[in-house]
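Below: the structure, in structure tokens.
By letter and in written order, the chains are A, B, C, D, E and F; residue numbering begins at 1 in each of them.
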Amino acid sequence: MGGDVKKFMYVNRKAPYGTIYALESLEVVLIGAAFEQDVSVVFIDDGVFEIVKGQDTAGIEMKNFSNTYKALEMYDVEKLYVSKDSLEERGLTEDDLIVDVELKTAAELTALMEEQDVLLSF
Amino acid sequence: MLHTVNKSPFEKNSLDTCLAHAKEGSAILLIEDGVYGALNGSKMTAQIQQAMEKFTLYALGPDLKARGIADKVIDGVKVIDYAGFVDLACENDKVQAWL
Amino acid sequence: MKFTIQVSEGPYNHQASDSAYQFAKAALEKGHEIYRVFFYHDGVNNATRLTTPPQDDRNVVNRWSALAEEHNLDLVVCVAAAQRRGIADADESKRNGKDADNIAPGFRISGLGQLIEGGIQSDRLVIFGD
Amino acid sequence: MGGDVKKFMYVNRKAPYGTIYALESLEVVLIGAAFEQDVSVVFIDDGVFEIVKGQDTAGIEMKNFSNTYKALEMYDVEKLYVSKDSLEERGLTEDDLIVDVELKTAAELTALMEEQDVLLSF
Amino acid sequence: MKFTIQVSEGPYNHQASDSAYQFAKAALEKGHEIYRVFFYHDGVNNATRLTTPPQDDRNVVNRWSALAEEHNLDLVVCVAAAQRRGIADADESKRNGKDADNIAPGFRISGLGQLIEGGIQSDRLVIFGD
Amino acid sequence: MLHTVNKSPFEKNSLDTCLAHAKEGSAILLIEDGVYGALNGSKMTAQIQQAMEKFTLYALGPDLKARGIADKVIDGVKVIDYAGFVDLACENDKVQAWL
């Protein structure tokens, strides 16, 4: 288990607003940041939609939480990974995203996941 | 008949099954995560464009805007608001929800 | 035109209840009639008065209660689905030997027949679910 | 709207046990039968798994409701349709099913749905 | 071995809570330790004492309470998720100005930190959801 | 690492994404509606059989039985009970749930 610091990875695979998983995942990441573990967040499948620019929720009267991803840096959550395949399949590029991320191939994501101690799925 | 689809076509088979069972000329309205089906330039786009030869495709504007994709919609998809959704439900004789 | 609306998912976890609410509001603004809103499956969880959502978010339950009050809506919670999930009014609570109830103002608990009746009496049934 | 009797169709697209929709759909069908409407039930996609023979839920400690489909006939619910495509994609045949059904092509299901007054989705 | 189990869906609507329960029971029978069961998202709805499921079906809530009693399990309900969905104990009810509470025996309401701590302190985190 | 999949591959993309991201040699356990992935003779079978060259596939017996497909499982899929699930979770250094 490797001493006091564990590697936590948050795996986000769901689109925002249709379900609450994206928002409640972000809430765990924010609380978890206080525990000084080695944290990374990955966006796969429809999870990449969570960090698309220009979200405006006024018309559905739900809380727009997309700007909170920009605040992750202040919480020292700096390892944000995006599945290159998932992004491309959706016709999106890094320019469409609200935060700086590292694009990763499936093989690279496999390696990253294998390094973790704890994987949280949303 | 009005068909509604609220699931992302990247994640679930709801839109596929809707397209396989809707009658030619039907209105299909994408709502909630279903609006990702209206995204231009995706791996689904060609299939949607083909479906648009047979059906009239609508997408709910408030859901597109919430998801930041209102300016990335496939040409020809009609964007409507909740009032437009109500109008569609009236104009069509019944509503089928593909969940 | 006369609508019955079915809500099949609980508040916050899915957008179904939000979409149903926006649809209902838009229909009423256009002068249509909402014959009934029927809460089924996890949708019954929209009917608890014990929610305390964050201040900066919408209050799904209170919004339904307010719309019902304003427009005299019939918000019906399926009794069988409610029993499974722990939604009870005073009568249900007593009948099932419980020490509390949690139903929110404007909602009433009744049978599945109310959904069928909604389908028969309305011009359109519109379903919001997962 | 055609007088006193309406055509109700229950559209089942979800597998049993993983979620409750199959069971709670069946509960509506049973209650609905008392209203003497023109009722039909259709199984599409994973909904066809609802009526697979030989279900035994002892190991998951959930209620096995599959025999109730056999009772539908007693409630005068006799129009049970199954998507031929959905059944074939799952490698199943009519012999695998617990009740007698009519297999329908997608085009036939389209026509049946168009005839309905009310469609309930599960 | 020490497990933390996360339950992300409510009772009956999804099988997640059933699977988590069967997993927990099997782990305990094998002599493993359940460090914590954490209820998140709609999973908080497992913690209401107001359910009355049909007599011929399992009682998901009571089963968790009984397992907790028997094995001294720590069943933790996320406070933020619980507030959104209307799960409250006496303190939460008072703090939020409610007139009733609904928490079942053996469950306690606490923060998300309890999930992270479960991840840190346990050998394995096993998640059951939708 | 142990991967769990609880979604039907006919309905959702969870198994696909799991197969795309699991490391060669990993254990993949199908539970709940995920066990439909172990169904022999379906349109998914060839893909699963191919995956079995790379991964060890398990399916939860109680979930197979509940769904009436315990005698229709692809050859080579290992059927286990909840105790076996616990053992797998112990033998592997971590568990990833593909929901």
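What to note about this one:
By definition in this document, a contact is a pair of C-beta atoms (placed from the backbone, for glycine too) under 8 Å apart; a residue touches a chain by one contact, two chains touch by 3 or more.
All figures in this text were calculated on a predicted structure; none of them were measured in a lab.
Listed by label, the chains that touch chain A and also chain F are B, E. Ranked by separation of Cα centres from chain F, the top chain is C.
For this structure, the chains sharing the highest number of C-beta contacts are C-E. Centroid to centroid, with C-alpha atoms defining each point, chain A and chain C lie 33 Å apart.
Averaged C-alpha coordinates give centres for chain A and chain B that are 27 Å from one another.
Centroids built from CA atoms put chain D at 26 Å from chain B. Counting partners per residue, chain B has 6, 10-11, 13, 32-33, 62, 81, 94-95, 97, 99 as the residues that reach two or more other chains. Counting partner chains per residue, chain C shows two or more touched chains at residues 12-13, 15, 19, 22, 41, 54, 80, 125, 127, 129-130. Those residues of chain A in touch with two or more other chains are numbered 17-20, 45, 60, 62, 117-119, 121. In this structure, the chains touch in the following pairs: A-B, A-C, A-E, A-F, B-C, B-D, B-F, C-D, C-E, D-E, D-F, E-F. On the chain A side of its complex with chain F, the touching residues are 11, 13, 44-45, 85, 106, 109-111, 113-114, 116-119, 121-122.
Here chain A touches chain B in the complex through residues 14-19, 45-46, 49, 52-60, 62, 64, 66, 89-91, going by the rule given at the top. Residues 6, 40-41, 80-81, 111-113, 115-117, 119-120, 123, 125, 127, 129 of chain C are the ones that touch chain D when the two sit in their complex. Interface residues of chain E, counted against chain F in their complex, comprise 1, 3, 8, 15-16, 19, 22-23, 25-27, 29-30, 32, 124-130. By the touch criterion stated above, chain C contacts chain E in their complex at residues 10-13, 41-42, 45, 48-54, 61, 80, 83-88, 92-93, 96, 98, 100-102.
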